[in-house]
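Handing you a structure now.
Lettered A, B, C, D and E in written order, each chain numbered from 1.
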Amino acid sequence: MSGEASTDVADIKFGMLHLTPRSLRALRVIPTIMVGLIVAFAVLWILFLADRSWTVKTSAGAAIEEPGEFLVTLLDGLTFAGLLFVVASGFTLIFGLMRTVNMAHGAMFLLAAYVGIQLQQTMVGKSRNIESAEVSMFAWVVPLLVGATVVAVLGVVMQQLFLRWNQGQDLRQAIITIAVSVVLADQMLLQFGGLAKKMVWPGSVVHFFEILGQRYAFSRIFMLGIAIVVGIALWLWLNKTRMGMVIRAGVDDEEMVRALGINVAVVFGITFFVGSFLAGMGGAMGASFAGAAPGTDGQWLLNSLIVVIIGGLGSIKGAVAGSVLFGMVTAFSPAYLPSAYTFYSIIFTLGTLAIVLAVRPNGLFGRAE
Amino acid sequence: MSDSVLRVDGLCAGYGASQVLENLSFEMGQEAVCIVGRNGMGKTTLCKTLMGFLQPSAGAITFGGSRIDGLSPDRIARRGLAYIPQGRRLFPSLTVDEHLEMLAKGTRGKRWTPAAVYELFPRLAERRQNGGAELSGGEQQMLAVGRALLLNGKLILMDEPSEGLAPTIVDTLIEVVHRLVEEGTAVLVVEQNLRAATSMATRQLVMVSGQIEIETTSHELSDDADLQRQYLGVDA
Amino acid sequence: MISLSARNVAVALTCVALILLPAFGSDFFVDFVATRTLMLGLAASTMVFLSAYGGMVSLAQWLIFGVAGFAVGNVVAESGRGLNLGWGPWTGVFIALVAATLLALLLGILSARSTGIYFLMLTLTYAVVGFFFFGQVTTFSGFGGITGIDPPGFFDDRPKRLYYAALVLSMLAYVGFRAIARTPFGLALQGVRDDPVRMSSLGFNVQLHRTLAFTLAGFVAGLAGVLNIWWNGQIDPTSISIGPTLDLLIIAVIGGISHLEGAWLGAFVFIGANIYLRDIPFLGSIEGLLEERLLAEERFNTVIGLLLLLIMLASPDGLAGIIARIEHGIRLAFRRSNPEGDGSSLRTNGQ
Amino acid sequence: MKPNKNRRLPSLLGVLFAIVLIAAACGGDDGDDGDASPTTAPAESTAPADDPPADDPPADDPPADDPPADDPPADDDNTIRLGIMGECEGAFGGFHEDVVAGATLALINGAGATSTSADTALDGFSGASVAGVPIELVGIGCGDDTADRAIQEVRTLVEQDGANVVIGPLSGDEGIAIANYALDNPEVTFINGISGAQDSTLAVRAPNFFRFNGDGAQWNAGIGDILYNEGGWRTAAVIADDYGFGWTSAGGFVADFCAAGGQIVSQVFPPLGTTDYSSFVQQLPNPDEVDGYFWVIGGTGTNASLEAFLNAKGDLTGDQHAGNLFFSPALADALGTDIAGAYVGGFASLPGDITTPEIEAYLASADAAWDTLSGGLTGNEPGPPSTALGFGFAYGYYTAGLAFVQALEQVGGDMSNNQAALREALSNLELQAPYGPITLDENRQAIVDTFVAQLVLDEASGEIVQQTVAIIPGVDQTFGGTYSTETDPPERDNTACEPRDLPWQGNSIPVIDGVPQR
Amino acid sequence: MTSNAAVTQIESHRSLLWLESVTVAFGGLLALSSVDLEVVEGDRLAVLGPNGAGKTTLFNAIAGDITPSEGKVLIKGVDCTALPSRLRPQLGVARTYQKTRLFPGLTVEDNLYLAQTGKQRRHLSLWRNAKDAELRAKAREAAGMVWLTDQLSAQVADLAHGQQRQLEIGIALVTEPDLIMLDEPASGLSKGERERLVELLEALPVDSTLILIEHDMEVALSVADRVVVMSDGEVVATGTPDEIRRNPLVHAIYLGEEAAS
């Protein structure tokens, strides 16, 4: 008996049946192949083709011609990815364990930034024109930790007051956090005003070095360093401590964790603390890197969303991958897009997201729901 | 009864409008007891209610002398009711070692520590670094048992432990149950595999439509084909 | 059955009141409150439709709404930013609806595989892509937006005709969405919402249903978008930024995201709160207690945030849910006093 | 629920729908008698957005009921109802207090008003009148930097609160939107607050929309000339926000710099919402390839972009950098002390270092009107009122209010005939404002004095401060024909770079030690 | 294995379902290992086996909810190994689920109506027409078959568990499939309901083919004319009910070795 022997029924009804399993599988890989081609072209373009006389003008030259520019762009991408990771890892941690989409994540970022700035100004004793030289490492780290702790406590309070008892109602929780962020944003505008503020890097990290003839700032490397330390700490916490194991187990099967005698409510609270703390750390770092102003909250909520959607919701590994991809596209697209079109880079960046999702609807490391 | 470990009185529970457990009662001491019954009779619902995942609509559950109905699952577990769920429900993200390590806190000096579990199941020790999803069915069940043992509880509740296991593994499991009872842990097994059920415990409670229909012994149940047909739908 | 009648009677009475509104309402109220309530309610109803019948909470509805507006602007405007095609207003409507529907189709195809909170976040991201698209692509708009769009001459007698247009479209959408729920397509959509796996095994193309529902909702959102640009006269990328996008979600949720009439109810409360809540007298006294004007007039976003929080904490199903529960309670009490009373289902939600 | 019930519903609603259609068809007819009917409940329950001290509920005068098009309310009761369109949210939300105070101070100084509160302007004022005509504050609009919201707020002010004169708004897109609204609502007079989009006056040209401040391009007039002739720049690179204000502001510099003979070698437009500017800064030429850079990046981008430059290209030195109003030590912490010597474009008011008797009197009047104000410059903490009023946001609103009061004075409070006399007076006003005279062109756009400042190191404090170096008199919107009603509004790089004669070239008034050498 | 022998005896042109060494692996776990099976028109096949033997996985592979990692699934001679599940009803396949999968937001009638539209283009229609009346009549008829006539306009979420199980079967039957796959239809039913279920299944048209997973031997053996016994993902025995009753291997697997001895 063979497939062709009695296709009369199916033939009439629909042509779809002519597809063999193999050809169906082949159909499914088409998007993957397309993405592969796009990536291959992008790599080829950056490495060899950009800014040649026979291609269009780009602001950075082909990597083999201008390795310095390439390296700087690469570092830009990586260091920015570091900051993205710190912020997004908190978001994804909370989502992973509790399925709570914390739409107040950006507001927490901004609040920590403001608190940090305020404290730093107090510590330095100056409210404006603070120079890096006046800022000791202490006067940077303490505001960062205090700012992060403040929002971490706020996060736990929000979770305990508003979210704890409607666990599992993800839309409702998302809206509650939206409401919190609306109130926070409005009150922050009142308390901290509308002007952009900035936290100042400590003098010890503000210096520059040369790589392949290009100047590069140590502060960016410092930021990447913090991100790596945060990443390692998170990894150690999740993989080498009992609490971390409980959290990972909770991501897999929360009910079973409870059946093993573990008080998940406490674990939830701690996770919310850590997740908000990371948002706060990111806030202080972001305020040093790019400043803080009304609207920064929404921007960083969005950044976090994009990173975790690319990487896969709830996955720390995904947050790393999402940050790196997002950071790279952010850095490379203005540099290697044709010069006349660099202002489309932000669309291009978001387009990456669409492409990733076309191939993997749950993100790079996301699990199917 | 002074040595009563678990006592269930007139338990009613269900999902929304549909009542699955209806006025279910039984009592057990420090022993092995099997609840047998066909699929769909409410066995798993009973487990979930005992563990606190489902709130009973009526009735009482007394465990170790105090009421546990209405408590949260983690508090019930901490009172000493350990649960081995149907389908094992291991954590795919955790290795064998991590499954045990995560519960190791406070086990020092108690009967069951991770080391003792590895001693009981040497097979697991070989697979320490494997993820929960990479184990065979038997190994998974061993890990699920080991995980429950670390609670050092008074009663272990097993939901369909023999499901999907090779007969030799089931034998190991039966042995473990006997050993646990010898060492002073009560075991409540919910089972539909008659062989496994009758080998694990002498007391057999037959569950039909959310109630304990009759209580019998493993010998009676194994020998009485009518009983099997009537309550278990097994036509031998 | 009683409750259904009560619901329908309430809806019908509201409709009558709305029809008569211009006769006794001030122009400001008709134009600024009522017309906008109907418009935003119409847009929110597409969100509610997708959520209640399709199980999809879409944040792309406001984008589609905006795209229709941008399409009208590009087609109709004769100068300023955008394409400046200078074609007739009704051509603009046609193109806007086609654009909105096609966009919805595209987004539907792209997101039909996602569900739940993933769908929500994915559509939020689309919304943001749309914002940046119109912000950066000056061919169609740029951040300055498209200004000075006038509605067709037919609507010159403002506010009444635009109001009635919004009212008619809202009623059509309300009746239409409820009617669709009874059609084969609507039933299948609800089936997809309840159990996509079973639907698949019954021979339904689950993703096709999701996509088509999304497209249909997109068309209606496009209608609302056209009304909006006529009403507003201009549109710019910040009109479709993350803030207004979330506002629409807030509207749908305040009203009750599983009740169609919740869309308009939510819009009314939202707009009313924005306009009238600033003047609530007690805020002034609180302000006296709280230093620093924490709750002063210009802080009405705080008030709206707190209102939203309150409603969400009280009822996951918004005001409509609260109303349904109150009604339920009243009827329970009524039934207790009349044991012979009607024993039929008390269900008020669902379709 | 029973299905048969469901079928009854659509038919019921179908009948209603038919009624609606009929009603819609007749809607045009029964509409005109709306003013005969009483106000609806919501309108009644509503007090004006700002509690006026004279506590008259709006039920006394039902302005909300008036169809605006053919029934100007001012004729009836001879009250001027003023609305102020402020900005309580968004990027400029911190300046809400400032701008309301600006408009209020004009009424205090010019119309005998008294502020209700000694430490905020937001509580309104009382007792304002000009030529015996009382001016009532009906509401303060609360913008959020978006056009949609601006329209809604202005409509609330006009259509609900019955404002017949509106002062505002603050930002560019809002200005364009309100200018368009003005076109459709000829019965209301709009006096721009401080918004600086070119289109509001040059393209929209609503006859009832007046602007007594320069646009974003005008504010940068003169700086290109100075950089070319005194800074020795021949080539420049521009980095500007990719939206209307960035384009307009950059356009002003380009027009001015090129008019003097300079060349623009590169223009980079990072999108709004950019967090990491490093890749955009990379696109700029290196410091050895260009004479200087002109910065038009606002918000958080100001610091982020400057820092990205520091990181990638080198120190920010005074001889190679210049910028528009964002390039100020108040907004850009990243400017180190090496920046001393850099030139900065102007804004509405002059920097604090200029002292003339008029300015001193103006600032003193502010300090007399309130004890403290929580303005944007003091981080919304209570501070001296003169700090807030000395800055461009408040000053823009002040000039608007002052122009209104002076014009009203000229016509003796005559608001009749659709405010024709008032508008005529506004159009021809020669406003003697504290920081310089202002007149309007035929598009009702201000011809203003603007200024160029230099960043210098204050020896005493060791801080970088702004010092005015020149006043550029009589700057108009067209830049000698670079812009006209025929040209497209400034876009990414559509401002032509060509030498031309600008009316103010060579006429700049040097300022030495804060004293203009007029 | 005895199944291959049995399979080859049956004339292939009547073959409705043909499985050829179908293997399903979940990670390292073989849920089905190289299963061969043929079902011909009119067959009444019961699949027995302990929990975890792979019965439901077998159904999933046939219905397309799972794509086998190896092997072939042919329905009516058409290779549909990788065919999406939604296209299989066109071949006349209908199934029920062990865990009730209904549409709780809809009424019983709507559930039964909806089930029929899946195979038709109708399900995209925004209008109701004459065909609908027909489908609704059939839905009501099917409701009668599973004793739910009283509940036609009840919301499914409000039904008792037993009624939901009845509807689960009704949804499969109303599509008039050529091949009906019932996954533990009797679970959760009372004794009386179970007897009626047997009646119902016995009353199905002679030419309708049935595969049944059932723990209740009484139900299974009274309905089936052929039995397949599975264990550990493999088919370990096939035969008539009588043969199976007598097969010691089946006792060993299903009841436990000791009980069999």
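We adopt the following convention: contacts are C-beta pairs under 8 Å (C-beta built on N, C-alpha and C of every residue); 3 or more make two chains touch, one makes a residue touch a chain.
Just so you know, these numbers come straight off a predicted model, no measurement behind them.
Fewest steps needed to get from subunit B to subunit C, stepping only to touching chains, is 2. Number of steps on the shortest path from subunit A to subunit D, with steps defined by chain touch: 1. By number of C-beta pairs in contact, C-D leads when C-E and C-D are compared. With centres set at the average Cα position, the gap from subunit A to subunit E is 47 Å.
Centroids of subunit B and subunit D (each the mean of its C-alpha atoms) stand 74 Å apart. Here the spacing of subunit B and subunit E, counted between their Cα centres, is 31 Å.
As a whole-number value, the distance joining the C-alpha centres of subunit D and subunit E reads 73 Å. For subunit D, the set of residues touching two or more other chains reads 1-3, 88-89, 242, 271, 273, 492.
Looking at subunit E, residues 87, 90, 158 sit in touch with two or more other chains. Among the residues of subunit C, those touching two or more other chains are numbered 132, 136, 182, 293, 299, 301, 345, 347, 350-351. Against subunit E, in their complex, subunit B makes its touches with residues 14-18, 20, 38-40, 133-137, 160, 162-167, 192-196, 198-199, 209, 222, 228-229, 233-236. By the touch criterion stated above, subunit C contacts subunit A in their complex at residues 57, 110, 113-118, 120-122, 124-125, 128-129, 132-133, 136-137, 242-243, 246, 249-250, 253, 257, 292-294, 299, 301-302, 304-306, 308-309, 312-313, 316. Contact residues on subunit C toward subunit E in their complex (touch as defined above): 180, 182-188, 190-191, 193-195, 197-206, 208-209, 212, 345, 347, 350-351. On the side of subunit D, the complex with subunit A involves touching residues 88-95, 242, 268-271, 273-280, 282-283, 299-304, 307, 310-314, 329-331, 333-334, 336-337, 376-377, 379-380, 463-464, 492. Subunit A meets subunit B in the complex at residues 242, 245-246, 248-249, 251-253, 255-256, 258-264.
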